[in-house]
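Shared chain: chain A. Partners: chain B in the first complex, chain C in the second.
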Partner chain A sequence: MQTSASHSPSLPAAPQAASVRMPGPIRHYGRYLYLAINIAIIIFLLAPIAIVVVFALNPTPFIQFPPVGVSLRWFEKFFASRDFMHALGFSLEVAVLTTLSATVLGASAALALARGNLPGTRLIVATMLSPLMLPAILTGLALFQTYVLLDVGRPTWGLVAGHTLVTLPYVVRTTLAVLHNFDTRLEEAAQNLGASPVRTFFEVTLPLIKPGVLAGAIFAFIVSFDQFPVSLFLVSPGNETLPVTLFNYLKFDLDGTIGAASVVSIVLAFVVVIGLDRTVGLRSYVKL
Partner chain B sequence: MMKALGSLSRRRFLTASASLGIGTIAAPYVARADDPTLRITGWGGKWGEIMKAEIGPAFESEFKCKLQTDSAFPYLPKLQASSRSAPIYDVLHTNSNEQWAAAEMGLVEPKIDPKLVPNLADVYPYAISDKIVGVSIFTSAIGLGMRTDKGYGNVTSWKELWDAKYNGVRGGYVIPVNSLGQAFLMMCGTLFGKGQTDLDAAYTALEKLKPIKIVDFTGAMEKMLLSGEVGLCVIHDSGIYRYDGQNQPTDFVSPSEGVLSLEQVLTITPGSKMKELANAYVNYMLRPEVQKRLAETVWYSPANKKVKLDAKYDAKLLTTPEKVSKLIQVDWKWYNERKDEIDQRVNRIFRA
Partner chain C sequence: MSASIEIAGVSKVYDGGVRAVDAVAMDIRQGEFFSLLGPSGCGKTTTLRMIAGFETPSAGAIRVDGADITHVPAHKRDMGMVFQNYALFPHRTVAENVAFGLRMRGLDKATIATKVKAALAMVELSGLEDRRPAQLSGGQQQRVALARAIVIAPRVLLCDEPLGALDKKLRQQMQFELKQLQKKLGLTLVFVTHDQEEALAMSDRIAVMNGGRVEQVGTPTEIYNQPTTRFVADFIGDTNIFRGERAAAGQSLDVGKGLILALPTEAQGTGVLSVALRPEKIRLIPRADAATPAGTSAHGIVENTNFLGGAVLYRITLEGGHRVLVQQPNAGTSRLFVPGNGVTLQWTPADLVVLKD
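== the complex of A and B ==
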């Protein structure tokens, strides 16, 4: 069996690497440049969130910069609104159901694709990723028309199915990435020691592919929770998701409630990620 | 024994879970199975609030039915995608331009039978004119919104929007997606050409409006006016009057050339299985007491001539034949037939 010690003879390359190191001042400025680029990227990523937070806390009923004060009136309005609260709860319900279905289906599909020796695997993978290529609004419209033809109306399971369709590729992709380097001898060893296929799956395979599955599940949750184009056609009267409710609201009332709702969404997403870390171990995903 | 119990328990658990799941999904349908359901569309915002809190429940109670309101845009593609014989809506509530498009596609009935909707006899002529599909239950007046704290002086004409002093603080709409913008384009033809259909004159006028701040939604224009980002803009009266009592430095200008009408139109779908209820709903929405309650909540001018609004609303809304005569209706049928061509042209104008 190869060990890490067996690699040590190849290490003497290090002095050669040291000989091509850049001179001190260049390295010094390079570090600052690297830092500046990173700060610029972070500002680019966080600026929209900062604007939303300012909008949510500004007491005026319109975006004003600089803000004239700090107020929680829009948060009060958001939490006092039955429509928003219902939409928030419904969005969470749909996102959780979507995450479960996309994770189970996506991980199973990835396992089958990686292990099944199926004919036309590449074509199947491409097909599974195809919902990412199609504009989501067309996916929503197509599903809506399908449901109408089937005369099933716009049920919640139909919305979850739509969300699953657009989130499945994330789970398939991230799970396949982990399976790519999977050492199948570990499963063989478990089975040689008497473990049943089910036990091998739950005690060997699943823990090893967990980082990929979890990464896909997180993507699925966030994509579903924020999903707008697919939901637009599939929500039913009285059961609108938060993004659809926000869209309808801002057509008539573009006030800080939109900002408050966005802040709540961001906090919720953050809470979910922290929750996953505490319950199923996000750190293993981070190591991925 | 333990294994058997475990197996039984698991089976029971799965059965119970499945039953619970199916029950949860089916519960709303089972609970409502006895009541006829009227499927309509409707706005969000204040309109949606009062419909949900008062007007809708009162209708349900009186007609022993359920009102299912879809307030998630877009309505027309959903109606198009559903079967003609089993449309997704029984009553379509939207603005006149979309109603005309729906009528052209045969998705809604072009007229409402006055025998089935007796309150039609009491509406102003504009509400059932040849420019209207179905019936207009309310209208807003599209005119100019202005800041009163910038020393602009009295604004009386549409043409003042072209005054150079408003460069940088002039507001308009993305014409392809906004009814107010589309109606305003037709007004430009009237102001500077031979009439609404004089598109060349309208395009030239639009060119001269630049620089102009354009937005998609009227809600966004309201906020831009409130924040002072625009000083004079095209807007509907309800977008200004809804801030009544909040001491905002804004006012609505009803230009001397007339105001454009932004109608709230109801139509019935030909394939509706709830025709009787649909007609009852249209009639209900035209009742004076319903009209008064909605008009005083959302600042829309009622279509029913018999409505008596409180003095504050009566002073500002179009509640007399004289005031209503200032309304200019747009020929949406004509417009929709040329919409693609118009969209391309105005996109070029404002992109440049």
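== the complex of A and C ==
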């Protein structure tokens, strides 16, 4: 408990820590090596994004290094294109609907799995997480065949259902993780104080598992917004998501518009993450 | 108002046939500090959880003020509970934690604010309203948990080892404060603990539990001075337990190795009996040369001593081989013995307690 900490300051703590340290120069080399490796990893992760940005801002209609100047012409072209604008709007719509359905379904499923004392829990979890292990292109193809068999055409809800399927594992996973460390006595305390089970859920359970649910929701949004293989099979002509539109565009043109579209996507994803964090609050609950 | 609780033949059997609680029956009176005492796994916490409504009895009934609440859900029982490790809501401030039960009861904001303030003042936490539980010390968290439970003026206050996580000094202080608060508010309080000293110090009555059953219910003095079972005698405090054969109509017990114990006049039962004799009920004097009266005295040698400050605990081997604990007050007049000293032990038959096995 915290109270015991007040007794400790008198203890001499330093000697043990000092004795295991390596001699000066070796320690320094180790430190530089560690830093160098980390910097290399960061460069490796960020380089593709930097290339895309350079590509988007370079005025020439092909990839060129070093860039010959800075221009916003590809952004102008992207925003002026009705096809791209429509695709962007449609992608956002699908991503929002997917996030909602995946979050509600995934969090509920995780709660049931963690608490429900269901038979075969591990099997159900494995099934729910299986879309992560299957190539998404197979999931897309299977859904496409199913829709054809059911003769439902290619409605927006069909696309959202497909996206929900591949994003559900993220929400289930992250919610299960927070539920794993959840102290159920907190719920008992709430009930003891007069909260009905429903009230207990909204007053205690949900606020405390929110970081996990929200992390899952963010994954769901980003995965849906970026989703290509599943969308490829399920979009209807004239109603395509941004990644599919970009793919189609690439088949005939390769210019900076692709780069501009990518930069816009990156910025949008960023805005959504920051926005969710600020409004619903990822960091406000310490106990995870 | 505070209520009485009647636990009538309650059992709890878990899947797989584990009998956590076995036909427990007890009456807890209104305004009483009642402890459930026993080792871990004795069923005390399960009993408390059934009173709170977190577990449903497999058999039997629980009545509060005569009304059957066996199947009333926990949130409608109107009981306060202080959990082991407190179970404070980490996402809420101290004031919000205390206000929770009042909010669930639909009270208006002004009333809630007044009551929260009064409750925090009662546990001496005024000024910490806006802290989060994680920012408090263990003792402060304990007080918040207590304030949260009593602010709703519960019919019954349930405490599940509430002081277990505190260090000794703080623990004694909280024992004292909790007891005072309970008396002041006239609360019916059910207190679960495995600490016999804590139970003896705080309770009006104690139920000693073992293996899912109640061994004995009584006041601390009764539990200590007249334990009825071997388990109770052994669990509460230090004791010497002897087992022997009582001759029909005889007034003494032959416990073997040449030791005879005179039984109290009212002692019941014949055949094989167990008796308990508390270490502090035995007098210790330097070995007397004269023959000692059989049945109320014996000779021995001090094996080792344990200085407790206010008293000294001696481990003594009797001439026949029995090993006996004797506790003497560390009074200025009495002589302290050292290992190797020859001593004579004296006791009165009335201090022997006959036990059920």
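Heads up, the rule we're going with is that the second predicted complex is superposed on the first by the 265 of 288 C-alpha atoms of A that agree within 3 Å, B and C clash if a C-alpha of one lies under 4 Å from a C-alpha of the other, contacts with A are read in each partner's own complex, and residues count from 1 in each chain.
Criterion: contacts are C-beta pairs under 8 Å (C-beta built on N, C-alpha and C of every residue); 3 or more make two chains touch, one makes a residue touch a chain.
All figures in this text were calculated on a predicted structure; none of them were measured in a lab.
Legend: residue contacts after superposition of the two complexes on their common chain; A:Pro61 is shown touching chain B, with no touch to chain C. Contact with chain C, but none with chain B, is seen for A:Leu193 once the two complexes are overlaid on the shared chain. By the touch criterion defined above, A:Leu250 reaches chain B but does not reach chain C. In the overlay built on the shared chain, the residue A:Gly275 is in contact with neither chain B nor chain C. By the touch criterion defined above, A:Gly238 reaches chain B but does not reach chain C. Against chain B, the residues of chain A that register as touching in their complex are 60-64, 83, 141, 144-145, 148-149, 151, 155-157, 232-233, 235-238, 240, 244-245, 247-255. If you check the complex, the residues on chain C that touch chain A are 52-54, 73-81, 83, 85, 87-91, 100-101, 104-105, 132, 134, 136-139, 148-149, 152, 165-167, 170. Against chain C, the residues of chain A that register as touching in their complex are 1-4, 183, 185-186, 188-197, 199-200, 203-204, 207-208, 284-287. Taken in their complex, chain B has these residues touching chain A: 25, 39, 43-48, 68-74, 77-78, 81-83, 86, 88, 217-220, 222-224, 226-227.
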